[in-house]
Amino acid sequence: MPQQTKNVAKKRPVPTKRSPVTGGVKAAEAKVFAHTGAEDDVRITALELAPGKLSPEMEAYFKKCDEKLGFVPNVLKAFAFDDGKLQAFVDYRQQLVQNTENLSKLEIEMIATAVSAQNRCFYCITAHGNAVRQLGGPVLGEMMVQNYRAARLPKRQRAMLDFAVKLTIKPWEVEEEDRDKLRRAGFTDRDIWDIASVAAFYNMTNRLASATDMRPNSVYHGQAR
Amino acid sequence: MPQQTKNVAKKRPVPTKRSPVTGGVKAAEAKVFAHTGAEDDVRITALELAPGKLSPEMEAYFKKCDEKLGFVPNVLKAFAFDDGKLQAFVDYRQQLVQNTENLSKLEIEMIATAVSAQNRCFYCITAHGNAVRQLGGPVLGEMMVQNYRAARLPKRQRAMLDFAVKLTIKPWEVEEEDRDKLRRAGFTDRDIWDIASVAAFYNMTNRLASATDMRPNSVYHGQAR
Amino acid sequence: MPQQTKNVAKKRPVPTKRSPVTGGVKAAEAKVFAHTGAEDDVRITALELAPGKLSPEMEAYFKKCDEKLGFVPNVLKAFAFDDGKLQAFVDYRQQLVQNTENLSKLEIEMIATAVSAQNRCFYCITAHGNAVRQLGGPVLGEMMVQNYRAARLPKRQRAMLDFAVKLTIKPWEVEEEDRDKLRRAGFTDRDIWDIASVAAFYNMTNRLASATDMRPNSVYHGQAR
Amino acid sequence: MPQQTKNVAKKRPVPTKRSPVTGGVKAAEAKVFAHTGAEDDVRITALELAPGKLSPEMEAYFKKCDEKLGFVPNVLKAFAFDDGKLQAFVDYRQQLVQNTENLSKLEIEMIATAVSAQNRCFYCITAHGNAVRQLGGPVLGEMMVQNYRAARLPKRQRAMLDFAVKLTIKPWEVEEEDRDKLRRAGFTDRDIWDIASVAAFYNMTNRLASATDMRPNSVYHGQAR
Amino acid sequence: MPQQTKNVAKKRPVPTKRSPVTGGVKAAEAKVFAHTGAEDDVRITALELAPGKLSPEMEAYFKKCDEKLGFVPNVLKAFAFDDGKLQAFVDYRQQLVQNTENLSKLEIEMIATAVSAQNRCFYCITAHGNAVRQLGGPVLGEMMVQNYRAARLPKRQRAMLDFAVKLTIKPWEVEEEDRDKLRRAGFTDRDIWDIASVAAFYNMTNRLASATDMRPNSVYHGQAR
Amino acid sequence: MPQQTKNVAKKRPVPTKRSPVTGGVKAAEAKVFAHTGAEDDVRITALELAPGKLSPEMEAYFKKCDEKLGFVPNVLKAFAFDDGKLQAFVDYRQQLVQNTENLSKLEIEMIATAVSAQNRCFYCITAHGNAVRQLGGPVLGEMMVQNYRAARLPKRQRAMLDFAVKLTIKPWEVEEEDRDKLRRAGFTDRDIWDIASVAAFYNMTNRLASATDMRPNSVYHGQAR
């Protein structure tokens, strides 16, 4: 029988708070497993990189993030050791991921999450799974994380994710027939570029995050549940 | 930049409630993606199986689940077309999964979730990811779902999961050296049996769930976040 | 009851003759490779588990096995350190594997063997390969062990094994189309459950056997050849 | 419970005879599954190739096979549509597989079987599994077919098979360290050539057999059991 | 015996010229296989994207490419349908790939080629294989394309490529031990970032190129041979 | 005839110009990466095998190679430690690879290269990639090395390579449907034998070369570019 009980649930009145669950777990054990995520907000990557100086533009960007989200995403902090790299990353993401013609924000995040789940990237699944929950609801978010095939998607989104995942796993087998499947599902050639661009981008960030053990802001875990 | 904003967050006062997020998403789009999970509580598998009659013992068991959890786990309902099968499943799980000598309940659920994540099983990741959250905290639960290597585990638990995952992916390569790694991490031979038994069991349920498109109770998604 | 004895060997003077073979093995070498299987009947697993006490019911079951088969299958002995686990295993197998609606005994064993061959499990291939030989003839048994695609099966059995093997290798890719293939091959939804249940069960036992280095009764090797 | 019973076993006084098992199986079912292997001795491959004329040398070779083995291996018949190809195949096998310096005949057949099992080749597993049974005993033969890791081999043979199997699965990862493992296990550089040559040869025949659906002589199945 | 002859070699006075080889090949056959690469310079991707207008900055960049290289790399032309995307791509590559602290230009190109070979990307292997040939000699270039393990590299470069390739194939298995291997090979944490950044970038471009069937400038093939 | 000499290098001042390249390599670095391939013509394999004595027939064959090609292919030298093995290899290749009924020399080399690229074999990709360049042009050669799917092949050749590559990667899944695809593409049963025979042969040589670290004649790299 599943472990959770009503009582335990009742003891957690602030479900997004990152404190260890104590009800029903022996204190000693709980102590060992203090995976509160708090450390992920302090030590963001496994690399010791000398902190850099932010340009006014990037400082303003960080401030804006903080105002809108309540925090600065750790990936940005990870890039902040070098303002030039940070700026280029932000611009690239803006131009190549967010500046799509027809893909919706939700669809972009669905691709990001399904690709990241394929690469089992802790940072990116956490951040983009959250975004899907925000935009498409909590259950859709979980499906993108666990197995996108479990979602009963419109033909369009299913074709989109099939393409993105094949491109992730076996890019060398992507051929005209794969593009034609997207076209038959209603996508234009520009859409194909956008889908490819988004899927390719997260194949990059997944690897940058995995290579450096980048840790997601702990606040993501509890949002939009 | 991530899609979620403070405003959106503020609009969700009951974050675990399974209603579609509406803020910031066009109504039309939200309608298309009505992945509320509600349908998962109605149509539990893709198979049309004539309902069976529960024995008094199993009826009592269902009642007990409902009292303790607030619901009957869908996997039990899926087996309920045949009381004999249901009883055997419950007993087997009791004897071979829950009746461990030294493994804690949390460790059992960690194995269940890491194995299920390997097999990308929507039902089992959802149910057991929830159990890990309940017992070990929300962040540990997410790590087991996404990539167990991201968790900074004690040597003991890491060895346990490495064994369980290798047994899942390449059982034919498990040899004495693998058992010795567990022994060196402090496990007894009985513990090895228990780890293997738990990992093997979820390799079974993962496949039964995937074969039948078994859907988890939607309530799991929002618990212990 | 070791299969390869001097007497048995002496009985094969002509049909097994193999020109470059018989004279070419030095006595010393033959001694080194004394893989008689006899040790497999003594040390059943790699784990040292304190022997348990059998309940009268399980004692009777062991006795019945011995009368019918001439031996107690080693898998049962392996579970015997804990009567509760043994009983649950026997019941589960009875209810979830043997209690099928339309699958024949031979079909159940074909699935068991094809799945076990996929997982390269010494114990299970040996035991269930034997069962296929007994029920379907020696050549069919060998095909299930080596490559089930080599058998010229009726469409029904081929679809059944394709499903079981896909469920073994890539359970996350099993979808409605796979179930529909079974339906088109004449299977009911209950049959789909049964096929899934059998395939899933052997994915479990394969892993339990591999994790513990479980050894099959040596008598299996020579039967029904 | 396993299907075989003492009664069934008693009904098979000539265990290598290739007739369908009837005891315990309904006649109708037995008829459907007439996998006697008899057809494999008639239609050797899936290709329709005009029969060629054998040279006197090859005619003599076939005759010698028949005298010594009681049959001509089907692989030779498959090549017989072109006498030049047949002769080259026989010579190559003699020179590159059988003409080893230190590898025993049994070791050659162990490599052949382990490699063929990796490639799941019905023809080659059958023929060379038989050879291992003849030379090393029935149980060793079964282990080579099912999972060579199950055999408790001397360090030398284990290293030999590890090399051969890695060369089969991931030849691009074979490096000096792999050769050094063989050297440390007592093999000379000439032995490394021989092991590689044998493993490489069966990677070739496995593919030729699979490409043409080559069928093994049915007599192999029952020998040396 | 290999097909090339001295005569054929003599007939090719301008070896980098992209005209079909005619000596020794029947005219008809040569006609069929007119893979001159010329078409790759005309139709750069499989997508029909409306041409965009270049900014003066990007126009200048294209002109500079043409002056220095004799051509504009097709990847830049592929991005040119949208000046913002083009600019962001050029900047990102400058900042995240070329702006390394200690990695040499050759090392960057070695990573690019080894990663692209893993993903079997026609565009990127061609372009970066050429760069390795230019910087490290033709044979090193070929080794990076075919199997980087064939190169007898200093420990440093070997560790670098092992990391980059593991990050490409199994990013989820990259852990602290992998970073430590780089550190032990003499790399700083900043170098680890740079290696990861380069490898991640080409995992992105590989997928963008494969998704769109991007074709490399034909001139690459013949350079630095 | 080493390709990369000082003179050759000096001859490439303009067309290979690559802006960030020419001035950027420190002399020291260039020295470290002296991958001239010259050593590959001296130490042909990683094995120390006592040189054997060539028969007059093989001596004549080597002489003929030298006259026609300007060199003796290293694979032949590698076999030369044993004249019987060398002779058998040459004959087998003649009979089973070169003696095809309808496959052209180019098609044989295309299969050889595509198969070798799959197995990432440095020796065989180099030698047969060169042969494709000689017979089909430099660009076709590069495509066969990098990803045969990038070539816009006639349906016939595409089907041929799809079959050869599937036979290389998953021989156990080759079935009648795969043969029928070849038939539908215009191949006879004899052609199927020939395609299989060529693909199987290079699966053998790939492994022999990888197992022994066989090095290709350096002259191959620069030919037919």
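Letters A, B, C, D, E and F name the chains as they come in the text, with residue numbers starting at 1 for each one.
Here is the rule we use: contacts are C-beta pairs under 8 Å (C-beta built on N, C-alpha and C of every residue); 3 or more make two chains touch, one makes a residue touch a chain.
For clarity, every value in this text was computed on a predicted model and none was experimentally measured.
Listed here as common contacts of chain C and chain F: A, D.
Chain B and chain E have Cα centroids separated by 44 Å. One simple way to say how far apart two chains are is to compare their mean CA positions; for chain A and chain B this gives 22 Å.
Remark: chain B and chain C have CA centroids separated by 29 Å (rounded to whole angstrom).
The residues of chain C that reach two or more other chains are 120-121, 147, 172, 175, 213, listed in rising order.
Taken together, the touching pairs give a contact graph of some other shape, not a line, ring, star or complete one. Contact residues of chain E toward chain B in the complex are 172-173, 175. Across the interface of their complex, chain C is touched by residues 147, 149 of chain A. Put simply, chain D touches chain F in their complex at residues 46-49, 82, 84-85, 87-89, 91-92, 94-96, 99, 119-121, 163, 167-168, 171-172, 174-176, 179, 189-190, 192-193, 195-197, 199-201, 203-208, 210-213.
For chain C in complex with chain D, the residues that touch the partner chain are 3-4, 12, 14-22, 24-26, 29-30, 32-37, 39-40, 65, 68-70, 73, 98, 104-106, 109, 117, 120-122, 125-127, 130-131, 133-140, 142-143, 145-147, 150-152, 154, 213, 218, 221-225.
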